[in-house]
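Here chain A shows up in two complexes: once beside chain B, once beside chain C.
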Partner chain A sequence: SYGALARYRNLSRVMKVNDSAAIGISGDYADYQFMKSVIEQRVIDEECLNDGFQYTPKSLFSWMTRVLYNRRSNFNPLWNTFIVGGVQDGEPFLGYIDKIGVAYNDPTIASGYGAYIAAPLLRDAFEANPKMSLAEAEKKIDECMKVLYYRDARSLNKYEVAIVTKDGTMIKSPIVSETNWEVAHMIKGYE
Partner chain B sequence: YDLSASQFSPDGRVFQVEYALKAVENSGTAVGIRGKDGVVFGVEKLVTSKLYEAGANKRLFNIDRHIGIATAGLMADSRAVVEIAREEASNYRYNYGLPIPLKNLTDRVSGYVHAHTLYSSVRPFGVSMILGSHTVEEGPQMYLIDPSGVSWGYHGCATGKAKQAAKTEIEKLKMKDMPIADLVKEVAKIIYIVHDEVKDKNFELELSWVGEVTGGKHELVPKNVYVEAEKFAKEALEESDDSDEEDL
Partner chain C sequence: MMDPMLNEESSYAPKQTYFSPYAMNGGTCLAIAGEDFVVVGSDTRLSQGFSIFTRDLPKTYKLTTSTVLGACGFHGDVLTLTKVLNARLKMFEHEHHKKMTTSEIAAMLSTMLYHRRFFPYYVYNLIAGLDEEGKGVVYSFDPVGSYGSDGYRARGSAAAMLQPLLDNQIGLKNQQNVQRVSLSKEKVVNLVKDVFISAAERDIYTGDAVVVHVITKDGTTTERFPLRRD
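Our next item is the complex of A and B:
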């Protein structure tokens, strides 16, 4: 669903940019649609040139940071949080940019409720196993999304994943987590 | 009457436009064929010096993802018009949320080219361009725009120095039912046939296609297809050389 508006249950908030980068967003959907069309047009322009170069995750991250920071500096922000991810020179990259232009990159990134609930889970997992496989990472993401569904009152049990590897980018959607609400029986009032 | 495009001659000609056509006729041949499930472009890119990097100064361009342009004439003018076409395609996408249909793009670009034949302050573009695309809605399409701003839709067309010879070869083909894989080989063959070994020594063959096989995306033909097409073209040339000798 889209924030507290549980009417649109099929909105996509991840976007494939090219074979080496993808972005995920939260915040104002209209501002995302604007950014999406700008990025798509830039990618087309670049494909036209056909010169062997394409946006890398870091260059995309840098450009988006500039855009967001400049917009906020002119009191006309894009009210979003962007997560930029991809693979560059064989190394994975993840970056976070928000509406005031704060930007950083880290092996684990989360925004919104995820920053409180998912980030600790992801950091622990990464610390224990920095070289985890794609399958293990997907499993961890599913665990985080499941916990977010349990804990965020305005969430739905449906999510999408964008996966970027050295072989390309793909988006898996929709994914439904397996939840266990047995604990509800133990709660007075929920029998 | 030939000093500016804003002047007609007494017999109703605009000389500047005709001179622009001459510029096109002096450049290497470009050929386009529209078949059953796609469009193929071939360009005879004349290489005037061994010092040039291979693959430099391409004459095949992309507009958006689904449209390709093959140009003949002044390179710098080609690039200017291609840039305009790209902007038009971008604007259309911005306004209508869709990739621009080829007919619309052709109309806009011809209008732009034509505008440069109306005033004495600018000169006409010395470029003829073949535009092509393949969409699910319309199937394969191809248009040719010449320096006067006139555009026509074609099943097969050629422009540049050997356009007459190329047209003769194209007319021999039954292109409407030919699949794109065959078209690529035929286009390569035609370019090799019409190339004048005496006057222009070196040339590079450029091939591009757009069709069902590419999912509607215009791109330079992949290496293996290119190699096969070139081989077919060279072998066809040798055959016709052999048969000439037999006649003697």
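Our next item is the complex of A and C:
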């Protein structure tokens, strides 16, 4: 969105970095495009080195935190919130980085409205079943995106998911949730 | 600039967006020095505004086998400060072939903080460890490097709630007819637990769990206790 105007209905906010890491963003799209091109160039340079090493999710997370912190220290921030996800040494990793360089990792992460609406749903699901399967996780994400579509006035019913497993990274896009607006008839004043 | 987090209500009045390079991420840490040990505790909640970022981020950072740093305030500065501190510790070791002592680390941290006097690290620091004679010592700092050693100190969002309690129970301040007994490790750890439980009652930024490190000449032990999660 551009404020209250639904300007572009087909923008991608997730990016595959390599077979062990992916990032998702919220915030300024231009600043994301800049970061995306920098990361893509680094991945290419790394492939040229051809030494068998790839950026790990944690090293990517650490580097991005430094970039964002340094930009804020020069009062020229990249106005984004980045979510870095991946698998390292067989363990999943999820990190959050703010435009001012606040960074942390947690089993469940959400930014923007997701922090208010999706995070509680994800935290409850994780607490009940920390070893849930990929299918259960995808179902939970769909439920969260559906609720966000119901409740966030600036959202659209179309989303994409980046999935990182020990076998690699894939992006599923576009996904449309099945919504049920029948309850709208019950609300007085909006019949 | 469009920021979904700032523009939550739709309003057509002109709004000036202001970029603040700081944020309050909450958290409380405290340290108590004993005859031959130091106890350092911190809660594990990271927050911003009325949101909780994560329930599992302790504010204590092990620097050497005998020194622990407690740091709370703006988490971006905490991350940077700990990174730079660890690098400086390694550089010292490479140059001098020995580990930095607690008082050396405290003096260095003071100069590092003052270097940023005109764009400070918004961090409230505590350095706790054993001195060269094996006695427990606690140094507390303000964001620009002023420091001094105390027997006990609380820092962070609930510091104002914890410090008076410590003054009474450990400093035995302004009490008549009280015997000064040297406190055992177990008594101090129990006091730290109780004090955090109290802080979690009233401070919204303190809660989830408390991590307690006990540093002695034999090393450091760590324990975790749950706190209220609301």
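A few points about this structure:
Note that the second predicted complex is superposed on the first by the 186 of 191 C-alpha atoms of A that agree within 3 Å, B and C clash if a C-alpha of one lies under 4 Å from a C-alpha of the other, contacts with A are read in each partner's own complex, and residues count from 1 in each chain.
Here is the rule we go by: a residue touches a chain if its C-beta (ideal position, glycine included) is under 8 Å from a C-beta of that chain, and two chains touch if they have at least 3 such contacts.
Here the structure is a predicted model, which means the values were calculated and not measured.
Because the two structures share chain A, they can be overlaid on it, and in that overlay chain B and chain C fit beside each other without clashing. Number of chain A residues touched is higher for C, counting chain B against chain C.
Of the two partner chains placed by superposition, only chain C is touched by A:27; chain B is not. Taking the C-alpha centre of chain A as the apex, the lines running to the C-alpha centres of chain B and chain C meet at 110 degrees, rounded to a multiple of 10. Of the two partner chains, neither chain B nor chain C is touched by A:15. Applying the stated contact rule after C-alpha superposition, one finds that A:102 touches chain C and leaves chain B untouched. After overlaying the two complexes on the shared chain, residue contacts for A:87 are found with neither chain B nor chain C. Within the superposed three-chain model, A:72 lies in touch with chain C and out of touch with chain B [touch as defined at top].
By the touch criterion defined above, A:45 lies against chain B but remains apart from chain C after alignment on the C-alpha atoms of chain A. Closest contact between chain B and chain C, by C-alpha atoms in the overlaid model: 25 Å.
No residue of chain A touches both chain B in one complex and chain C in the other. Against chain A, the residues of chain B that register as touching in their complex are 61-65, 86, 90, 93-94, 219-220. Here chain A touches chain B in the complex through residues 37, 41, 44-45, 47-50, going by the rule given at the top. Interface of chain A with chain C (complex): residues 1-4, 26-28, 65, 69, 72-73, 75, 77, 79, 96, 98, 100-106, 112-113, 115-116, 119, 154. Partner chain A is touched in their complex by these residues of chain C: 1-5, 7, 10, 19-23, 25, 46, 48, 51, 53-57, 74-77, 79-80, 119.
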